[in-house]
Amino acid sequence: MSTSPISRYPIPELDTLPDDIRERILGVQEKAGFIPNVFLALAHRPDEFRAFFAYHDALMEKESGLTLAEREMIVVATSSANNCEYCVVAHGAVLRIRAKNATIADRVAINYRKAGLTPRETAMLDFAMKVSQDARNVDESDYEQLHPHGFSDEDIWDIAAITAFFGLSNRMVNFASMRPNDEFYLMGRVPAQR
Amino acid sequence: MSTSPISRYPIPELDTLPDDIRERILGVQEKAGFIPNVFLALAHRPDEFRAFFAYHDALMEKESGLTLAEREMIVVATSSANNCEYCVVAHGAVLRIRAKNATIADRVAINYRKAGLTPRETAMLDFAMKVSQDARNVDESDYEQLHPHGFSDEDIWDIAAITAFFGLSNRMVNFASMRPNDEFYLMGRVPAQR
Amino acid sequence: MSTSPISRYPIPELDTLPDDIRERILGVQEKAGFIPNVFLALAHRPDEFRAFFAYHDALMEKESGLTLAEREMIVVATSSANNCEYCVVAHGAVLRIRAKNATIADRVAINYRKAGLTPRETAMLDFAMKVSQDARNVDESDYEQLHPHGFSDEDIWDIAAITAFFGLSNRMVNFASMRPNDEFYLMGRVPAQR
Amino acid sequence: MSTSPISRYPIPELDTLPDDIRERILGVQEKAGFIPNVFLALAHRPDEFRAFFAYHDALMEKESGLTLAEREMIVVATSSANNCEYCVVAHGAVLRIRAKNATIADRVAINYRKAGLTPRETAMLDFAMKVSQDARNVDESDYEQLHPHGFSDEDIWDIAAITAFFGLSNRMVNFASMRPNDEFYLMGRVPAQR
Amino acid sequence: MSTSPISRYPIPELDTLPDDIRERILGVQEKAGFIPNVFLALAHRPDEFRAFFAYHDALMEKESGLTLAEREMIVVATSSANNCEYCVVAHGAVLRIRAKNATIADRVAINYRKAGLTPRETAMLDFAMKVSQDARNVDESDYEQLHPHGFSDEDIWDIAAITAFFGLSNRMVNFASMRPNDEFYLMGRVPAQR
Amino acid sequence: MSTSPISRYPIPELDTLPDDIRERILGVQEKAGFIPNVFLALAHRPDEFRAFFAYHDALMEKESGLTLAEREMIVVATSSANNCEYCVVAHGAVLRIRAKNATIADRVAINYRKAGLTPRETAMLDFAMKVSQDARNVDESDYEQLHPHGFSDEDIWDIAAITAFFGLSNRMVNFASMRPNDEFYLMGRVPAQR
């Protein structure tokens, strides 16, 4: 239904891409059933593509004291504060699937403080929002808020790093007017979809 | 899936309500198939309930130079800026139905300026956002921006009044932690729903 | 002394108005000695006029744990934050009369935190300002701040609802450039006036 | 009616003050009929008192392309943006007298852009507000806006310097919780006063 | 290396200046080895020049519970928040010399909360920033924060007054595009300089 | 002179690091004469280290229509807006060297709009600041502003990507309280240094 272009910048043909990038894209397509637009849009710059996804994987696919759903919550809440449609829609879809909850993404995106989250989740997002909007004032008092909820120092690094990385992503998406695939909007909302 | 209460304030039993309010609620239920939570939450104050819905109907159900979908766009964009989950979710559902477009509500909510809207729609939402966030600076230059897109002075009043009315609604919802019905999240996203 | 028009929109002749609206206006004129401009400006839209004043009366004229002067303080403080000349001047006049205090309205309008108010009044206005400017973050901690000052949950609804309603009013006044009657500026400032 | 102290800091007895300061204060009292509180509050620091009033006089009492009323408008508008009750009330009184207009001060304080001012006055206050709130971005484009309204480069210095000086004053008043004399509130509002 | 003019306004020739102003300037030149540009730029207005430096001296050269280095820290931190290049560079130089520390000025300018300051220094700058950016909310709680660090009420006046005075200075510098002398950039950074 | 730790998180011993990371660090040390602290602080997370510097090199060391000095200007201006001491000090040093100008970094950091830059540089930094602070509103009008200054679409991507990447860096530095090496403060300020 969206008819605007995928990005303001040119989208390279798949067969013109370096092998490693083409293979990563085909691998994602096989798994998801479609190619998420951000892969196509960033392929415009192969070296940045490689660094972007290496950073992404280092944060989002590793072992962590944060659950996979918690990590997606951070992405959705901070990307909404940065008005990044692609990140809210695509990671909102992943959040619904990870959390097995059809309504959580919209609630986290619009006002996580009214979303009926657990105290641990709220503390996590309060800190993520501080890193996103006011990192200059992060100090030991933030650690004192987070430790009682079971977050270790390494978990806190993860919250901050995910927030910082998606802050980069949010700015690139908005700068280049990248738009999310239509497929994301419905993922995780209806049982039949999975 | 949402388990938090409908409102921080008590929800009256239907049979304890004044007749006109109970009948309005039952009428909505018959039409929508469920009772939108805002009707139950505001029934706590019958006189305010009556004034609220009289105002709502005066703006949202009358003849206007604005289409029904345009009016819902104004609600979604300004309610998102005010972080009002109920209004974004419930009126996002109506917007999808009115616009016959499954993705438009999420796009308008997160960043209407990147949502692929028409110039008329963008100008309308730029003005609505100014009334919402910076009404003190509205002046003739705003009319000069809007007239060329086909908005009459009366249409401009409608944009402003819808924005102002939902600004009231957004504050009441956030103040009382009213939450949207689960039904709204999926409405208008899948053909089978309608 | 003010020579700008009452509103950017047309002011209907009294004898062209629906009976109920004309009678309400004449009733106010009889009581106040003049017709406050907002009645004339909103008469441009009879249905909105009716809903607006029904809402107003439901909040401002009913029984409440808030005194009449406290309600006017809320209007003056939040309307000043929204830069609404009409509301500050007209309700400032009423506040002076209700509080029998010639200087209180100006003090509340410019900086209520330096206005020598009671702790109860300051807590009330702190909360009203949060509803006005940052409703997304209202939570139980606000109730904990207000209860010790004698505000019940119902009183807190009143504070929020008055704030939300005048937020609507402030935006309509600024949008349509409605101006206050000259009569308001002096009301309640000099004994001879009353 | 105001019963809070004149200042959070001690007010020296007049007969303990250095001669030049006591004489200045007595001179003002003779002219105005009362001692404006700021003279008493700043006498706490004689050297700062002398510099403060020397600066004040250098800007407010000299020859200028700005009328006396225009200078007071700058004080009222920028002091209101800085939430300085003393400056808005005291200079609002002077503005009413200088402009021979009983309502102008309240209109300029709450929203000068809706106050029915002349284009020259509005341009002057737009620039003063930029110096007050966003001086980092002042550039040649501001001169291009002001010159056509008859402001010379020296007049523009006056606008900026008055704004900067009262920015200092606003911060001192709010810091020390200085309050305006009750006399100011009514000055210039009724013919009999003058 | 800077080639932009010293000020947007004319710089008077030294021999055209009133004797007291010329002598003050020559005295500074003899002590510093060069004439700081702000002396030349403000000489454009002799009466304001006199009041400005009288105010400056009353705050910066008197006895105080604040050390000379502490006073310069206040100037650097608040002038950076106001984006005032002249004040940050010139007073940064003085701060380096007073504190005998080559890196402190840059640290205080960019983020004093991450600058490794003492708790006393941090509390002092937190308060100065509140006076600079949010004076309307200064209240007794600020005194309670500062007293335990050894600041008396008079010291607190000094913090506020220095902040307020340089707020004036920052606005004049940015308004008139005054630029710092190249000499300041290196002062206090290398032992050989002193 | 700075005695606070390099980072709030542990700094690994060089000989415990993976070979590629240790070699990169030793290579930098050989070239610069010291190990910039960010290398030590990020080595705490080897995978993030690799992605971070791959991204950095992809933007800062490749061919571009932006000069090396222009790229450093972007880093300094946006990092200052984000209050990132490490980035302003370290990249300020590089900017001085690249631009062969001892004062440019301080001028760009505090107020680039008053720094005497060329129109091309100012337009570049205006856009970088928009990406940094308000990416949601980037649109075609920004390209129209930049093209006349000789920036191609690819150059504009570079400006945005450098801004977005250092936005990530700024947040990580402030989150983990990383501090710059003392060596950076003086680099490029005195001829003898180079």
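Per-chain residue numbering starts at 1, and chain names A, B, C, D, E and F are given in the order in which the chains are listed.
Quick note on the criterion: a residue touches a chain if its C-beta (ideal position, glycine included) is under 8 Å from a C-beta of that chain, and two chains touch if they have at least 3 such contacts.
Being a predicted model, the structure only gives us computed values, none of them experimental.
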| item | value |
| --- | --- |
| Neighbouring chains common to chain D and chain F, by label | B, E |
| C-D against A-F, pair bridged by the larger set of C-beta contacts | A-F |
| Interface residue identity across copies chain A, chain B - same or different by half | same |
| Inter-centroid spacing, chain F versus chain B (mean Cα positions, whole Å) | 44 |
| Centre distance in Å when chain C and chain F are each reduced to the mean of their C-alpha atoms | 51 |
| Gap in Å, rounded to a whole number, between the CA centres of chain C and chain B | 24 |
| Junction residues of chain B, two or more chains touched | 83-84, 111, 114, 136, 139, 174, 177 |
| Pairs of chains, among all present, that meet the touch criterion | A-B, A-C, A-E, A-F, B-C, B-D, B-F, C-D, C-E, D-E, D-F, E-F |
| Residues of chain F that touch chain D when the two form their complex | 111, 113-114 |
| Contacting residues of chain C [partner chain A, same complex] | 136-137, 139 |
| List of chain F residues in touch with chain A within their complex | 9, 44-45, 47-48, 50-52, 54-55, 57-59, 62, 82-84, 131-132, 135-136, 138-139, 153, 157, 160-161, 163-165, 167-172, 174-177 |
| Chain E-touching residues of chain F, taken from the complex the two chains share | 1-4, 80, 83-85, 88-89, 101-104, 106-107, 109-111, 114-116, 174, 177, 179, 182, 185-186, 189-190 |
